[in-house]
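Listed after this line are the structures, all set down as structure tokens.
The same chain A turns up in both complexes below, where it pairs with chain B and then with chain C.
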Partner chain A sequence: MQKNKIEAKKVSVFYNDKKALNEITLSIPEKKVTSLIGPSGCGKSTFLRCINRMNDTIEGCSMTGRILIDNKDINEKSLDPVLLRARVGMVFQKPNPFPKSIFENVAYGPKIHGLTQSSDELNELVEESLKKAGLFSEIKDRIHEPGTSLSGGQQQRLCIARAISISPEIILMDEPCSALDPIATAKIEELIDELAHNFTIVIVTHSMQQAARVSKQTAFFHMGNLIEVGKTDSIFSNPSEKKTQDYITGKIG
Partner chain B sequence: MREQHIVTTYDEDLDKIKSDLFKMALIVEKQIYDSINLIKILDIKKAKEIIKSDDKIDKKEKEIRNLATNILTKRQPLADDLRKILIALKISGTIERIADHAANIAGRMSYVNNIPDSYLTDSIFHLGSLVLANYAKAISSYDKDSSKIAKVVPNLDREINSIYETCFREHLHIMMEDRETIGFCTQMLFIAKELERIGDLSKVISKEVLYNVEGVLK
Partner chain C sequence: MTKNFEKINDSLIKRQKSEKNFKLFGLIGIICAISFLIIILTSIIIEGKKAFVSTYIKLDVFFDSKIIDPDNTKEDSVIKSANFNEIITKSILENFPEVTDRKEKIKLSTFISSSAEDELIKLIILDKALIDQKKELWLLASSTIDVIHKNPDMLNFPEDERLIDDKELKWFQWFLSEEKIKFSANKNFFSNADSTEPEQAGIWGAFVGSFLTLFVTLILSFPIAVAAGVFLEELAPKNKFTDFIEVNINNLAAVPSIIFGLLGLAIFLNVMHLPRSAPIVGGMVLALMTLPTIIIATRASLRAVPPSIREAAIGLGATKFQTVTHHVLPLSMPGISTGTIIGMSQALGESAPLLMIGMVAFIVDSPGSIFDSATVLPVQIYLWKSTAARGFVELTAAGVMVLLSFLVLMNAIAVYVRYKFEKKW
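What follows is the complex of A and B.
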């Protein structure tokens, strides 16, 4: 049986009194890739931010409904959002390395979460994370150079290394390739395939082809509503909702 | 009501592949018609014409492939758009093979100098008429995106198959009764086989139309 890692139950989100998400109920399977697609402003990023409670930090933003991770409500008072964010890593559209060395970028998370006992252990963890992100062999001789000296695609993989260094269970990616060229994009996609063996991944993308390539499940959002969710193959070959069909084929709805 | 793409040249591309394919289909319909008529009216000149025009069909198929490749590259179509391209490729290939069979019939008929006096049946011509009608149904289901018409084609094809079997037995009889007809009847049986193949391939076309309209491969 497929285990669901994340379950959204009737999740609505408001920015002040403007409703951005309308009763979203969506299950996200463990160690699989789920794509969120839909026109700009439909609420994809807002939904993603519900999963790591990043919306908490936005002034005027409130949520109703429940988000469960491993069947536990993440909005329980007793739950520390900092610990939650250690379990849920995030990668953004624009690569955003800290203005520090490549090494420090990756070492930062494990340090603040106290994941390693010695500097040897830390070195090892950093190296391992960079390897998992498919970056190590390219940069091993300049690990102490600034992260910002890398190419765009390398910076994005550095951000992925940073996200996985603290061994999260879930990785959220908000249009991670939209600033990258096709080759850098292909490398990230290959990496996503690899990471899906160990992590539950939720990715927002504007490229239908990318969603088709990387994900098992696809959810289509439209104006704050979840219109359709299903196996990626069937969503792109034979969607059941007309709105989905119009969107993915570029028709005037 | 027809949905339109935001990019209008995309609609034009899809329209063009469909109208090109339908035109190709109509040329082949005429070729089947002409080749069947040779069974009734021997005409070596006409037979050679049909054989020659087969090249034109090969060329049309290549054009459709190029157009399809071009659309796939430019638009990366999905869902119903993708199905339109996929079926256009498959149907154009199928029609190209149907045209080969029509040319084969013409080829056989170009070797026939005269029809034996004792050969009185017109069952193969009848078989041909049914095959032609069913082919016409198949391509009209494509033209109209009609699953209703497409669903008729396999039924008629079953009838065609049973008539083909009857023709076969009937011709064995004719050959046994009059050995002089053996050469001619053999040609006719080969022609019946070509017709039966056209019937099968018409069914392939109707299946593609159903896939396009209903979205699932049966």
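What follows is the complex of A and C.
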């Protein structure tokens, strides 16, 4: 039996008075890739940002319902969101490396959380993270150059390396390839396949092909509602809802 | 289609004409601004550059032991209390044996600045072998002679419009013809504080005063303003109360500076009993005035940092405070420091609030600490401008030149800081 890492129960999100998500109930399996698809403004990114409580930083945003990670409510008062975000990493739509060196970018997370004892250990961790993100061989000679000097695809892999440097259990990806060209996109997708062995990954994507390529489970959002969720193969070949069919055939979107 | 084309073509002529007019107005504005600037600067420089030299008169000084040290003690204290004025008068009279009248003798002796006595005392104390020797020396002329020497066209004025009478003029012209009068660098201007005698007055006291005052201003306003800006922009909840504070900070930036001076007078002097005329109080008053400027600059540059940087740090599990101190603040530092330097140069040029707390006093010593009485550059300029003696006209202009150079230097630093530390992301 498949173990579920994340359980969302009747999650609704409001921006001031505007309802952005309507009672989403969704289970996300451990160490698999789940993709969230749907037209712009359907609430898929909002849902993603609930999982590591990034919405807390937005003025006027509130949430009802429960999200459980390993059967623990993440919105419990006793849980510090900082601790949650150390367990749930995030990769953003636009590559956003810090304007510091590549090394500093990856080393930042372990440093603030005090994960390493010595600088040797830190060097090793940085190298390992860069290797896991498939970036090390390309940049090993310029690890102290600014992270912003890399190409878009490399920057995004740097951001992934930065996210996995603190060994989170879950990685959230918010349209990680939307700013990238097809070749860079292919590399990231390959990397996602690789990472799924060790991490639970939730990815928001605009591209249905991408969802079909990388994910085991797909959830289709529309106008703040979860329309359908299921195995990626069955969603794309045999959707049970008409709206899903309309979307994947290009009638809405 | 052709109909539209004609319509568009017609309106295009109109549109381009208004653009042309706008450009013309802009150009006229810039030309006006530049020409005013040039006029101001040249008039200041023409007048001010005269203050950087002073007039010296050559005399054969005989250090008569009868006057300096009649008992041959060679004691410094004896030398210091000797009547060197008599020595100078004698040396100058040597050149004019025909002068016998007492009043005329006094007039002649005032050709030399009273500070020359101190020069001679120093000389003798350093080298006592000079006693009973004759030495050819260039002595600082008095301000009246200096003014006449610097403005030769005054020689042709009628006697009552001139600073000197006909006899003095004759003597002056004798010195000229004998080449016993010359210009040399004005050392007093850059080393002395204020004085009642223009030839002895200098800007150094005011310069040190300005420096100490700005130092206090910076130490107080920078940390407080940056902390306030960061708190309001990054940490405080956005509600009616913070909105109210924000509006008031913006209003504070527009409060006339003399009000801050009155506040300083009422609180710092009358309630806290801090020393009057001291840079510590001046700095505190100017810090109040500079605070809103730096807070506004801080908030603007914090806002200019892209939210993606904040998200990246928050997403990694950095606390809000870590996000700000590790990422946002370093990135906004160029903007904050530029704003600070601009605030500082405003403070440097400020005189009104300092008048209120007594920094307008006549101070002959350079301040040694922030608790000593001091004045600042703009106030010194104001003081000189309001003094009657003719010699202060040049000093005023020279003071303006020093103040402006200080300002240009600070603004250049601001530009450099912005250029050097700006990071791309």
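FYI, the second predicted complex is superposed on the first by the 251 of 253 C-alpha atoms of A that agree within 3 Å, B and C clash if a C-alpha of one lies under 4 Å from a C-alpha of the other, contacts with A are read in each partner's own complex, and residues count from 1 in each chain.
To be clear about the criterion, contacts are C-beta pairs under 8 Å (C-beta built on N, C-alpha and C of every residue); 3 or more make two chains touch, one makes a residue touch a chain.
Not measured: the values here are computed from a predicted model.
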First, second, both or neither for A:86, with chain B first and chain C second | second
Return first, second, both or neither, reflecting whether A:208 touches chain B, chain C, both chains, or no partner chain.
-> first
Of the partners chain B and chain C, which touch A:245 in the superposed model: first, second, both, neither?
-> first
Give the label of whichever partner, chain B or chain C, reaches more residues of chain A.
-> C
Considering only the touch criterion stated at the top, classify A:236 as touching first (chain B), second (chain C), both, or neither.
-> first
Both partners, chain B and chain C, contact chain A at residues none
What does chain B use to touch chain A in their complex?
-> 3-7, 10, 76-83, 215-216
Complex contact set, residues of chain A against chain B = 208-209, 212, 236-239, 245-246, 248-252
Which positions of chain A touch chain C when the two form their complex?
-> 52, 54, 57, 59, 82-83, 85-86, 89-90, 92, 94, 96-99, 108-109, 112-113, 148, 159, 162-163, 166
Spell out the residues on chain C that touch chain A in their complex, using ranges where they run on.
-> 238, 306, 308-319, 322, 326-327, 331, 423-425
